[in-house]
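Each of the two complexes below includes subunit A, the first together with subunit B, the second together with subunit C.
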Partner chain A sequence: MAVSVDEAVSTGPVRDRTPAARRFGGRGRSVLEIALLTVLAVVMLFPVLWMIETSIKENRDVYAIPAKFFDFTVTLDHFKDVFVASGGGRSTLSVAFLNSVVVAGVSTVLATVLGVPAAWAYSRFSVKAKKDQLFFILSTRFMPPVVVVIPIFLMYRQVGLIDTKLGLILIYAAFNVPFTIWMMKGFVDEVPAEYEDAAMLDGYTRLQAFWKFTLPLLVPGIAATAVFALIFSWNEFVFAIFLTSSDTVRTAPPAIAGLIGGTTVDWGLVAAASVVFALPVLVFAYLVRKHLIAGVTLGAVRR
Partner chain B sequence: MGTVAAHGLCKSFGKVQALDGVTLDVPDGSFFVVLGPSGAGKTTTLRAIAGLEKLDAGSVHLDGRDATGDTPAERDLAMVFQSYALYPRHTVYENIASPLRARRRSSSEIAAAVEQMSNLLHIERLLKRRPAQLSGGEMQRVALARALVRSPRAFLMDEPLTNLDLKLRVEMRTELTRIHRSLGATFVYVTNDQVEALSMADQVAVLKEGKVQQVGTPTEVYERPANQWVAGFVGSPQISLLACHAEGDRLVGAEGWTLPRPRWTTAEDGRPLLLGLRAEDLSVEQRGNASLSGELYGLEPLGDRTVVDVRVGTEILKVKARPTVTGTPGERLHVTVDLDRAHLFDAGTGLALSEAGR
Partner chain C sequence: MSGPVPLTTDHPGQVASATPPAPGRSRRLSDRWLAVAFISPALLLLLAMSVFPLLWALYLSFTDYSATRGGSAHFVWFENYTAILTSAQVHLRALTTLIYVVGAVALQTVLGFAIAYLISRRTHGRGLLTTLFLVPMMLSQVVVGLFWKFMLDAQFGVINSMLGSLGLGQVEWLTRQQTALISLIVVDTWQWTPFIMLIALAGLTAVPKYLYEAASIDRASEWFRFRTITLPLVWPLLLIAVLFRAIEAFRLFDLVYILTSGGPGVSTETLSFHVYKVAFLGFNTGTASAYGILMVLIVIVLTQLYLRYLNKLKED
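And now, the complex of A and B:
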C-alpha cells in the first residue's frame, strides 16, 4: 500500500538516532544512510514520476526515443479522455471510477457498521472461546484472494451475483470485517469500560452507553480503520477481474488494466487514468495520517 | 427508603475468588463502610450491588425487592468510581448533568440541580472545564457531584478519598459526613483506610479475601474484634499479639512471662492462645500489678504521642506513651498491661474467645 511505503521512508531519519546507529561513528554512517535512502526513494518514486510525466505528455513525446524527461509538450488531453468518450458523453473509464467509488464506499461502510459493534462486544463481554473465535475471524484473511476466487466465482454464479456491484461489495465487506474487528478491538480495549459502567448507573442502557460515551472516543480509530478498508477495496484487482465483466459494473483497476493489451496501447491514457486512480488514496491517507500511525501502533501492537 | 441487602455474593475471575459468600445488610439511611485491604473484593462487592458484575451466586435486594436480575439503570443507585470515570469529552457541567439527562429532566431543572451541587462541593469555577484539566481532588469532587445530583435509593462510593492529600482527605471526610446527615440517604462506602472507616461509619463490614470478617459499629469492631486478623487490621499502631496459654489463674507466655488470667477467659488450660494488647492499653510510665518486662527496642515520636517498641523475648510490643518519653535502646523496661481491655484469640483458628463474662 502507498501508505506503508510512505511510513517506511519517513521513519528512516528517526531510526538514525538510535544508539545502534551511533556505533558506526556518526558522520560516515549518516552519509551512507542518506545515500541509500536516496537510492531507495528514487527507485520507489521514479515509476510514479514517470506515470505523472506520461499522463501530461503529448502522444508524440510519449513514444519518443530516446525518452524525453524535460522538454516535452504539456497537455491535459489524456485526462479529458479519461472522463469524456471520444464521441462525447461519459467514457467507460469514468463509469469504472464511479463504480469503484460506490463499491469501495459501500463495502467500507458495511464493514465498519458490522465490525465496530462486533469489536466492542469482543472487548467488553466474556464470550465463550473468545480467543478461538478471534483467531478464526482472522484466519479468513490468511489466504490471498486469488486462492478463494474460484470457489467464490462458482458460488456467485449459483446465486446470480456474478457481474454485479452488490457481489463485489459483499466480498469486499467480508474481507474487511475481520480486519475491522481486529483493529477496532485494539481501540475499544483502550477506552476504559468504566465510562459505560458510569453511564449505565446514570440511567442509560448498555447500548446507549456505548453509543453516547464510547463511540465518540472511537472516531479516530474508526477513521483509520475505514481508510485501510477503503484502500483495500479501492485497490482490489483479483476479485474485480474475475467476478465482473461488463463495463457498467467493472471497477477502475480491471478497467485500467483492460486498456493495455490491444495492438496499440494508449500509454498517455493509461498513465492519466492511473494518476486519477491513485489520487483519492493519497488524499485520504494524508488526511488521516496521524490516526494511521496511531492505528498501526495501537491496533496491531496490543494483544 | 433505601435499604441494600446483599446475600451470599460469590464471584470469581478465572482462578481468583473475588467474592466468597459476601453478605451485607445496609439499613435505610445508614453510613455503611466496607473496610478491607487492597484486593479484598471491595470494588467487586460494590459493582455487584450496582449490577455491573454478573454474579456466580447470591442475591441483591433493594428496598426489600429482589433486584438480582435488574440492569444498573433499573436499580436506581448512584456510584462514585474508584477511578472517577468522568466522561473525558464532556465538560464538568455535562458530567454532573448526565444522570439527569439520562432521566430526561427539563434543562431548567438540570441547571438548578447542577448549580446546587457545584455550590455544595465548591466547584463552580470548574463547570466549563473538561476532566483532563482538573486536579485529582477536583475530579473527585466532580465525581461526587455527579452521584449526589440525583436522589437515588442509595449511594455507592468506591474509595472516593484515597487519591487526595491528607489535609483535603480530612476535610472531605467531615464534608461527606455532613452531606450524609443532611440528605439522610443510604451510603455504602468502600475504603481501605481504617481511620476513615472508624470516623465516618455507622456500621463497618470488614472484608478480607472475599469474605466478611465482621460487621458492627466502629466501636464494636475496634473494641471486640471478631478475630486476630480484624484486630490487626483495625487500629493504629497495630495491636501487639503475644503467643501464650492459660495455666490455672495465670496466662503463661511462650517467651516465659506470666500475667494474671483475665477473669472472663473461657479457654481451657494449655490451649495455644494469642494475647492481643492495644498500644493505648499498655504503659511504660505507670506501675500496675500486671506487667511484662522487656527491653527498649525503638522510639517512634508521632508529635502528640510516642510509640515505644518494647521487645519481650522475640516479640515486639507497641506501647503508647507521652511525647516526652525518653530512653536508650536495650534499656530494661516494665510494661503495665490493662488486662480488662486485653483480647484473647485462639492461636489455631484466630477467632476471638467468647467474651461472655466481660
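And now, the complex of A and C:
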C-alpha cells in the first residue's frame, strides 16, 4: 500500500494553480478537511486504544462509572493472567495460543507447499479450461463457513478428526489454498517466462528452471502470501469453535470468546488476551502492507 | 532425453553442458505432466475438503437425517427445501440479513470512500494515516466482537458512560430489539470501512493527474471534476469492493455469535446464524443441509457476479 500512497503525492501543484482569490477558501477547506480526518481517525482508533487501556487497568478502574480515560493505575496483572494460571503453571489461554501457533503455522506451510507450484503451473502452462478452474478454486473460498462446517463435522466424526489439531489444519489449508493460488499466480505472472526459456536453452529441465531461477525470484511474494494465510488461520473462529472442544486442542479465538461465557466477565483479562492475540497480526500486516489490497481481496485485485 | 538436440546447435558452447536438454516433443509432454503433478495435489485437497462435503450436504438435504438421533437417513426429496422456502421464520431471517447487508455495506462504502477521498487530497502523512485507518480491518472478528460488546455494555460500557457525561440517556445497545441490529451494523461498519477505504484509495491515486490539471485549466468546478473524472474512474474498483463486502457480510457469523447470539428474540438472527441453530442446536441435519445448500447457491451467484465483473475489469 505504502508504494501507491507515496507515488501519488503530486496533487500539490494542481491546487497552486487555482486563482489567488480562491486560494484562501482552499486553505480554509483544507483545515476543515484535516479536522474531519482527525475526528474520523480518532473514532476509528478509539476502540483499539480503549482495548489497550482496559488491558492495563486495575479491575476497579475497568468497571469505574463514569469511565476513566486518563487517571488510572497501570497494572500488568491481566497480561500475567493470560499466560499464568491462578494456581501457577500454564493457563488455558496460553495453551490455546500455542495451539493457534501450531495450527496456523502448519496449515500455512501446507497451503504454501500445495498452492505455490499450482500457481506456477497455472501461470506457465496452457491448462484445459484454465479460467474455469481458477474461478472454481476461488469460489470454494467464498463458501459460508457455517454451511461447510456441517458436513465437515459429520465427515470428521466418521474419520476421528473431530477435536484434533490435524482436522483444523486440513480445513484451514483447504481454505488457504485458493487464496495462495490466486495471490501467487499474480506474482508468478510478474516473473517473465523468458527466464525459464533461457534456462532451458542452457540445458536445464523445466523443473530445474523453476527451482533455480523462478522460485528465488518468488520468495518475497511467497512470504507475503504466507503471511496473509497465517493471518486468516490465526483469526479464524467458526471452524475452530465447532470442530474442537477440549482445552488441549482449542485455538485462541474460541478460547478468548469462551472468557465471556460465565455470569461475570473479567473484561480486563479479555482485553489483555485480545491485545496479545491481535499484536502479532498487526505486526505481520504492517510487514506486508505493500500487498495489502491483493491480500484482503484474496488476490483478486492487484495494484 | 537422448540424441542430438536442434535447440542447442545454435549454442555450441552449451553442448558440453552436463544436463542434456530435452527435445522439443518430450518437453511439451513433460510440461503437461508437470502441470498435472503441480496442480492436482491442491485440487485434491479442495475436492476432499470443499467439494465432497458440499456434495454430502446436498445428499443430506434430501433426507431427514439427524446427527444426534442417528439411525439411517430416509429420503424425503424436496420436503426440506419446501419447508424452508415457505417458512415465515426463514423469511424473517432473510429480511434481517438483507437489512444488515445493505445497511452495513452502504454505510461502509460512503464512509470508506469519504475517508479515502480526504486522504487522497493530503500531501503529507498519507502513509501514516492509511496505516492507522487500516488497523480495525486486520483484527479478528472475535476480538472486534468482544471489544464492542464491552464498549456497548449497558452498565460498564464506555459508550453509555460518554453519553452519560453528555447528559444523554443510557441505551441498552445489544439487548433492545430496535438497537441490536443497528449496533451490529455499526460494529461491522467500524471494522470494514477501512477495506473500502483501502480499495477506493488505490482507485483515487491511480487517476491520472493530467486529467485534473486539464480540468483546472478549464476552470472546472470541484464538484464537476469529482463527478466527471474521479467518480467514473474509481467506480469500477469500488464496485469490486462493494460486491466483495456484500458476500462477506452475507456469510457473517462470528460477530452475531459474540455480540448478540441472534437476540434479543430473533432480531439479529441472520441466515447464517439461523443455519447454525438449526444444525447444532436443533440437530435437524437434513433441514440444515438444505438451508446451507440454498445459501451456497446465493453465494455462488454473488461470486459469479463478482468474478465476471473482476474479469471484465482486468480485460479493460
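Note that in this section the second predicted complex is superposed on the first by the 254 of 303 C-alpha atoms of A that agree within 3 Å, B and C clash if a C-alpha of one lies under 4 Å from a C-alpha of the other, contacts with A are read in each partner's own complex, and residues count from 1 in each chain.
The rule is simple: a residue touches a chain if its C-beta (ideal position, glycine included) is under 8 Å from a C-beta of that chain, and two chains touch if they have at least 3 such contacts.
All figures in this text were calculated on a predicted structure; none of them were measured in a lab.
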Touch test for A:P192: subunit B only (first), subunit C only (second), both, or neither? first
What is the contact status of A:V39 with respect to subunit B (first) and subunit C (second): first, second, both, or neither? neither
- Task: Figure out whether A:L217 sits in contact with subunit B (first) or subunit C (second), or with both, or with neither.
- Result: first
Quiz item: So, A:L287: does it touch subunit B (first), subunit C (second), both, or neither?
Solution: neither
With both complexes superposed on chain A, which partner does A:D202 reach: first (subunit B), second (subunit C), both or neither? both
Using the touch definition from the top, say if A:Y63 reaches subunit B (first), subunit C (second), both or neither. second
Per residue count on subunit A, the busier partner among subunit B and subunit C is C
Dual-contact residues of subunit A, meaning touching subunit B and subunit C, are 200-206, 208
As the complex stands, subunit A meets subunit B at residues 192, 194-195, 197-206, 208, 213, 216-217
In their shared complex, subunit A is touched by residues of subunit B numbered 47, 50-52, 71-73, 77-79, 81, 83, 85-89, 98-99, 101-103, 146
Per the touch rule above, subunit C residues touching subunit A in the complex are 7-8, 11, 14, 17-22, 27, 30-32, 34-35, 38-39, 41-43, 45-46, 48-54, 56-57, 60, 67, 111, 115, 118-123, 126-127, 129-151, 155-156, 158, 161-162, 164-165, 190, 193-195, 198-199, 201-202, 205-206, 209, 212-213, 216-217, 237, 240-241, 244, 247, 250-251, 253-254, 257-258, 272-273, 275-276, 279-280, 285, 288-289, 291-293, 295-296, 299-300, 302-304, 306-307, 310-311
Counting only contacts in the complex, subunit A reaches subunit C at residues 1-2, 4-12, 14, 17-18, 33-34, 36-37, 40-41, 44-45, 47-48, 50-51, 54, 62-63, 65-67, 114-115, 117-118, 120-122, 124-125, 127, 131, 133, 135, 137-140, 142-148, 150-155, 157, 170-171, 173-174, 177-178, 181, 200-208, 231, 234-235, 237-238, 241-242, 253-254, 256-257, 259-260, 265, 267, 270-271, 274, 277-278, 281-282, 285-286, 289, 292-293, 296-297, 300-301, 303
